[in-house]
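Look at the two complexes coming up: subunit A is in both, with subunit B in one and subunit C in the other.
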Partner chain A sequence: MWRFLGETMAVFAKDMRCEFRTRVAFNSLALFAVTTLAAVSYTIGPYGIAEADRPYLLGALLWIVVFFAAMAGLDRSFVKEEETHTAPLLRLAARPLVVWGGKLLFNTVTLALLMAILVPLYVVLMGLSVRTPGWFILVLAAGCLALAVTTTIVAAIVARAMSRGALFAVLSVPLLLPLLVFLIQGTRAAIEGRVPDVLAALRAVVSLGGVMTVASAFLFPVVWHD
Partner chain B sequence: MRRGVTIRFEGIGKRFGRRVVMRGIAGQARPGSILVLTGPNGSGKSTLLQILAGLIRPTRGEVRYLDGDGEVPREEWRHRIGMAAPALALYEELTAMENLEFCARVRGLEVDGDRLRNGLVAVGLDPDRPTVVGGFSTGMQQRLKLAQAVLHDPDVLLLDEPGANLDPDGQDWLAEFVRGMAEEGRTVVVATNDRDEMTWGTDRVALPG
Partner chain C sequence: MTRRDILLGALFLWMAAVIWAAFLWAPAAAGFLGQSSRIVFFHVPTAWVATLSFLVSFIASVQYLRTRDPRWDVRAHASASLGIVFTILATVTGSIFARIMWGSYWNWDPRETSITFLLLIYAAYFALRGAVPDPERKAALAAVYAILAFVTVPFLVFVVPRIYWSLHPDTIINTKGRITMDSRMFRVFMASLAGFTGLAAWLYDLECRIEALRRKAEEEIL
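And now, the complex of A and B:
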């Protein structure tokens, strides 16, 4: 177990080191997130929505911004390995689950860093007031993990395909759509302070994330080697 | 004493879509010897080497790794194989030491700074060089690939055009290095078009064009 964790951390540390030296994935994520956020806050702003519609629309817009950013940058973790021909070295040296674990950790940390910058900005620019901040953060954390799990396995599949950009979006949509629906419901409930509804949405998000994690762990070795 | 590995491959065929790259290729690489794969450009030498490494599945035929205990399970191949090839690139954003350190960690080896440094010195690279690999010449990258290939003391060494990009002194050093690897009981397979490299081994598989 410790050996597996050590090898996984090696992949994660390598990805972080390479990312800090090139900033390709983080710049793509940040560019999309900031551009979308700026467009939304400029056109809608804090007062462009009626008070009654605010929790639902602001919750939905927040996840749309995060979703677009995730689509823009998280596939890079695998695509870059294929494009720079480092994937065969990784295939030869590392166990498949170690690669998957390291990439998942990298995508989770990247998305978490992005959300740590993006969400406070969104709250300020859109004048969002949250009644239960603790539950709000929990929904964001669960969403971050579930999004990272889903985009990681989709990125692995896409990296092996030829028309990468389009395929990433096409494969992600059916997998991410139910997740986004529950995340938006949970975020809205947290904004309005309806804890039982937050719990129901969280259960759904954790279940979907759990199913995706188990499915990914089984699917990844096949995707990685074939 | 090193447990040698014999690689046996029979009836190997590979097609990419409609294009048939090779058909019915067979051969054997023995411990302590150098098997040379030759053939014109596009004959599939590099593809065959990747099939032998388990990186590509053949469309037909099979590859078996045999040691004293019988057949080596496929999941153990990665511990037994070292490979240097143009298809196996290194991380250009990392230094030579960082590349080797990553390869050691991801293979679950104990990271010993002196061992990594000695590995680089053995292939003629300066371990203290702060330049990332993207700034290396192709010859230096080739030397680093060789250091990476032997880092985990593999039983099998698969080399694709190993002398390409090396200067004449480097090619002399390489010939000695590869012969030394075979003399230590390793199974060495070299895919090459270079006339000098073809003389390294007595076993040969010629791929038709």
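And now, the complex of A and C:
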């Protein structure tokens, strides 16, 4: 177990080091998110939505911004390995599950960093007030993990195919849509302070994310070695 | 005359009888506008066959990854193709019912939403197949995606429509576990379910044979 964790952390550290050399994934994600947020804030702003519609629409808009930003850069972890021809060496140096764990951790941290910048900005620019901030953060955290799990396995698939950029969105969108529906409902409930509804949405997110994690862990060796 | 021809003839007669019974023998259900309830004899079986096809595609994908036998990939591909066709049919029949009962073809009811997601998932499966030139890698990656896609199916078919309020009539076996259909309607419905399953089995067999021939022809060209 400790050996697995150590090797996973080594893959994660390698990815972070490589990322900080060029910052392609971070920059893509952050710029995409900030640009979209600026467009949304400029056109809608804090007073552009009727009071009754605010929780639902602001929750939906937040996840749309996060989702499209994720589409802009979360495939880099695997695509970069194939483009720079370092994937064969990684296949020799590390076990598949370790690579999957390292890449998943990298995507989770990337997405968490993005949300740490984006969400406070969103709250300020859109004038969002949340009745249950603790539950709101919990929904965001669960969403971050579930998004990272799904995009990691899809990125691994896409890296082995042609026309990767377009394919990443094509393959991710349908798998992530049910998750986004639950997340938007959960975020709305957290904004309105309806804790039982937050819990129902969280249960759905955690179960879908959990099933995806187990399926990804089992299937990743096939994607990685074929 | 082969066994296959006899079965096909029987299926043809069975489906003809189902169509006749659906329009002329079974009564229209109470609580629905005009004759609109009769669509249940076609809408639910197409949705059932679509789900069944995706289940077959999932099993064939698992089997492909276990055995690496290309015939399982042919089966997975054939059943996913059928699944997408029957999902479109279920969507169209559902839309016609929605227009009559609710006044518009589409209003993002939870069941309409979940079937749209299902369509997108399997359209993505075919996009992936088209993006991988190597046949073995294509089969393996498509199998992985089909398994991942199937993981979301229970959430789309069972969780989403039950969590959110829906205009959709109760399913045949509702949340109380009771069947509330008239007995004559129920008999026609079950016959239609069996007929559509037979139709799907015939189409599946046909699609598998065509796909196998297509691959053989491709190998000969190469």
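Everything that follows uses one rule, which is that the second predicted complex is superposed on the first by the 226 of 226 C-alpha atoms of A that agree within 3 Å, B and C clash if a C-alpha of one lies under 4 Å from a C-alpha of the other, contacts with A are read in each partner's own complex, and residues count from 1 in each chain.
What we mean here is this: a contact is a pair of C-beta atoms (placed from the backbone, for glycine too) under 8 Å apart; a residue touches a chain by one contact, two chains touch by 3 or more.
Bear in mind the structure is a predicted one, so any value in this text is a computation, not a measurement.
Visitor: Examine A:157 and indicate which partner it touches, taking first as subunit B and second as subunit C; both and neither are also allowed.
Guide: A:157 contacts subunit C only, not subunit B.
Visitor: Could you look at A:34 and tell me whether it touches subunit B, subunit C, both or neither (first, second, both, neither)?
Guide: In the superposed model, A:34 contacts neither subunit B nor subunit C.
Visitor: Using the superposition on chain A described above, determine whether A:137 touches subunit B (first), subunit C (second), both, or neither.
Guide: A:137 contacts neither subunit B nor subunit C.
Visitor: Check whether A:175 is in contact with subunit B, with subunit C, with both or with neither, and answer first, second, both or neither.
Guide: Only subunit C; A:175 stays clear of subunit B.
Visitor: Kindly classify A:14 by the partners it touches after superposition: subunit B alone (first), subunit C alone (second), both, or neither?
Guide: Touch partner of A:14: subunit B, not subunit C.
Visitor: Between subunit B and subunit C, whom does A:64 touch in the aligned arrangement: first, second, both, or neither?
Guide: After superposing on A, A:64 lies clear of both subunit B and subunit C.
Visitor: Check whether A:216 is in contact with subunit B, with subunit C, with both or with neither, and answer first, second, both or neither.
Guide: Second partner only, subunit C.
Visitor: Once the two structures are fitted together, what part of subunit A is touched by subunit B and by subunit C alike?
Guide: After superposing on chain A, subunit A residues 226 contact both subunit B and subunit C.
Visitor: Spell out the residues on subunit B that touch subunit A in their complex, using ranges where they run on.
Guide: 50, 53-55, 57, 78, 81, 83, 85-94, 98, 102-103, 105-108, 132, 148
Visitor: For a test of understanding, state which residues of subunit C touch subunit A in their complex under the given definition.
Guide: Within the complex, subunit C contacts subunit A at residues 65, 113-114, 117, 120-121, 123-124, 127-128, 131-133, 136-137, 140-141, 143-145, 147-149, 151-152, 155-156, 159-160, 163-164.
Visitor: Once bound in the complex, which stretches of subunit A touch subunit C?
Guide: So the residues of subunit A in touch with subunit C come to 153, 157, 160-163, 167, 170-171, 173-175, 177-178, 181, 185, 200, 204, 207-208, 211-212, 215-216, 219, 222-223, 226.
Visitor: Write out the stretch or stretches of subunit A touching subunit B in their complex.
Guide: 3, 6-7, 9-11, 13-14, 17-18, 21-22, 84-86, 88-95, 98, 225-226
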